[in-house]
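Note that chain A is present in both complexes that follow, paired respectively with chain B and with chain C.
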Partner chain A sequence: MSVLDPIPLRRRRWWGWREWLLLLGALVLIVLLRKGQPDYDARVAPLLVHGHGLDRIEGRNFAIDVKGFKVAGAYLVAGDFSHPQPRQLKSSGVWLSVVGTLEALEKPGIISARLQTRDGLFYDTSGSGRPKLDGVNLTDRFVAPGLPESGAYFFELPPDKLQGAHLQVYWGNLTPGLMDSLVDIDLGIDAARARALLDEAEPVLDLRK
Partner chain B sequence: MTRHADGTTSQPASPSGWWRRNRAWLLGALLLGVVAFARPYQDALKEYQRWRPHDPVDVAKGEWAEYAGARWRLVDASLKTATGPGSAFDLQRLDSSVLVLRYEVVPDPGTDPDKLDSCTGRVFDAQGREWENNPLPLSRYRNPQRLSDMCGSRLGEDFKRQHARPGQPFVFEHLYQLPRSKDWRRLQAGISVPDKALVKDQGSYLRFSLQ
Partner chain C sequence: MSARKELSRALRNPWLRAAALLAVLAVMVTAMLGGFNKATATTGASQVHTYPAGAIVDSGAMRITALKAWRSLRGPEGNADPYTPVQYLVLQVRVDNRTGKSNSAYGNLQADLVWLSRKDGRLQEVKADRFQRADDHTLVDLLHPGMPTIVDMVWKLPIEAELPATSEWGVVRREFSPKATFFGASGWVQGRAAAKLALAVEDRRANVIAP
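On to the complex of A and B.
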């Protein structure tokens, strides 16, 4: 545009009400999008794989086949080298054993489990040495592809927490991996089933076999 | 915006003019943006590949291969089926057998044998399933010749560490627990050293065929 060109009579102001409106709209959009954005924890959260009842469920790199579960008041286990006589493992709540088979699909490692009760609390397994049953207790058991391991996870929990308990299974022996699968199995324990489990529970279950 | 000689201003004639005038800045910003994304991605990929190597160097059984500042060779592969309680392996599972892979490594002059100790081994089948060397159930096994699963040193008779010496062959053994039904001859064995200084080409590993 040269100096000699006629200057247009009506020029638009370069910043008018339309621009203010655009700016305001952009700000509102930014705030709304940022509020709708998932936070870091949600973005790297474990990926839930839902299962129900006694079934085989696959996660990334592992599978669990739940065969059954049982409640007991205490366990009777064989003694060890320092205490040869049989010992009773008592609990301030009840013992829940979940029997099943673990498979590693691609890589070897350890598969862990925990219980989530309906009020959101987590109960870890009681540990590989409680009860100390080699070849039965699945806690910290090494699983390799083609070599599935059968056994049981053992939990101690208050009797009123049985109802609505979910079994959660994940790869590794720490916490559920971020952005890794977390298999969540609803064991299907309603109020009647919980009562039946407690009624059927033996006060002392003999595990010496 | 253009300033005229009479002091008034006006919008430029067309928006495409602005893009043309600022093309150098735009190109620069684009290049910077690409570099800012690509460099951290490359670094992260290299770090990941240190532990998950994906670039195989194929080696036939008995052949020598150059890797991580040393020469490597798979001397022997054998399957042990007597693995139950009372055997040297003392495995609980009777449906598993133990694959023993014996390797020889000759460090180049100037290679620190301690750095070779970080080596890891694995065997894998055609479906990509993996088994790792000396897993937990085999942790109680002791080799009668005191061979270790570490590639650069082992514990000697007097519990003193014996190091691999440059130019001299050093023998080590990797053990794998496999399902008995598995045809081990069709497996492949891998050796990788996750050391930045020794392995220039991060992500590479040695892949030995077992037959």
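On to the complex of A and C.
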């Protein structure tokens, strides 16, 4: 071949091993990104506002001031129309009452609570009718701005779950709102405090007084 | 072109030959997997195991132990309806919530444990009218995790309703799904039938004072 002969143009194939490699890399990247993506629950999780012990903590549109807590084996409450005699409310575990004051800061509504144990279980407040104590039971109580409501939330939980329990308070009466504030208060119950609470607990606490 | 020629041309077409081969293979695989066998039941309920009193049934979200059943003219708390006399069918169960949070008895237990009433030869699922704690007879709103609770499930029936000596209840599975809703939120989703409970129904209608 003489130097004057034109050099034949080598046409590159439009899809070769480089393209296969790029495609494979892109697929791996897509899979890795999808795996690392937070799930829906994590994306809309409530925003935690931490608190500790007996203190006033503010969330969006509400505040709670925890004054104290007490454990009892059962409650004795007054009878009602369908059951006139005094009634004992028993539990498969123990009763924990958390006394405090609720405030609505901007608009009226309901402020709910639940307990989170150290192993991640959630215990909702016992309903507004268990115990039925008008003016005391804070579950489903309507709170208006400027009119703080005092009372107690009542929980039933196994005695071994007292240690490390956190009180979680949120706006609304269902579950914590998506991306709304969730006040999380460490009640400060260590092993010794849990033992003391159980030792001091009355087997049947009379709530008729 | 005659139809004969058209057919012979189609038979020589490699794409059509491949499609025909695939169809034959699909039919063979379906037959091998039992796809052409006669279906035994439409709901699968016939394969559900029946448990007696005292047996522990795991429904996924709950562990249920049926303890006893009775019929009475008074509710579990001992009161009769003063206006419209009815009879009460009661199933007493021990329920252990196995999820990580408190659950509504009306959202879960009521939907997952139903009385199987036989009417005109057909089974009907009947939800309980109310739930009461066996110890203090108050209504059960919530079932808390790790706190087994003995619950009286109550069905109110017409006073003249006749019941067989043994009644059946159905337990439906409820499983955790990391993506239970359209948006991808997690939750506990009801599944298919898990078990049947068969218990002798004690007749306590003659008891005037207490059930």
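By definition in this document, the second predicted complex is superposed on the first by the 169 of 209 C-alpha atoms of A that agree within 3 Å, B and C clash if a C-alpha of one lies under 4 Å from a C-alpha of the other, contacts with A are read in each partner's own complex, and residues count from 1 in each chain.
We adopt the following convention: a residue touches a chain if its C-beta (ideal position, glycine included) is under 8 Å from a C-beta of that chain, and two chains touch if they have at least 3 such contacts.
Treat the numbers as computed from the prediction; the structure is a model and nothing was measured.
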> On chain A, which partner touches more residues: chain B or chain C?
Replying inline: C
>> Let me test your reading of the model: by the given contact rule, A:P108 touches which partner, first (chain B), second (chain C), both or neither?
In response: first
> Of all residues in chain C, which touch chain A in the complex?
Replying inline: 77, 79, 100-102, 133, 135-136, 138-139, 141-142, 144-149, 178-179, 183-186
> If you look only at chain A, which of its residues touch chain C in the complex?
Replying inline: 39-41, 44, 82-83, 87-93, 114, 120-124, 126-127, 129-130, 156-158, 161
>> With touch defined as at the start, can you tell me which chain B residues reach chain A in the complex?
In response: 1-2, 4-6, 8, 10-13, 92-93, 95-96, 128-132, 135-137, 177-179, 181-182
>> For the complex, give me every residue of chain A touching chain B.
In response: 1, 3, 7-8, 11-12, 14, 105-108, 134-135, 142, 144-147
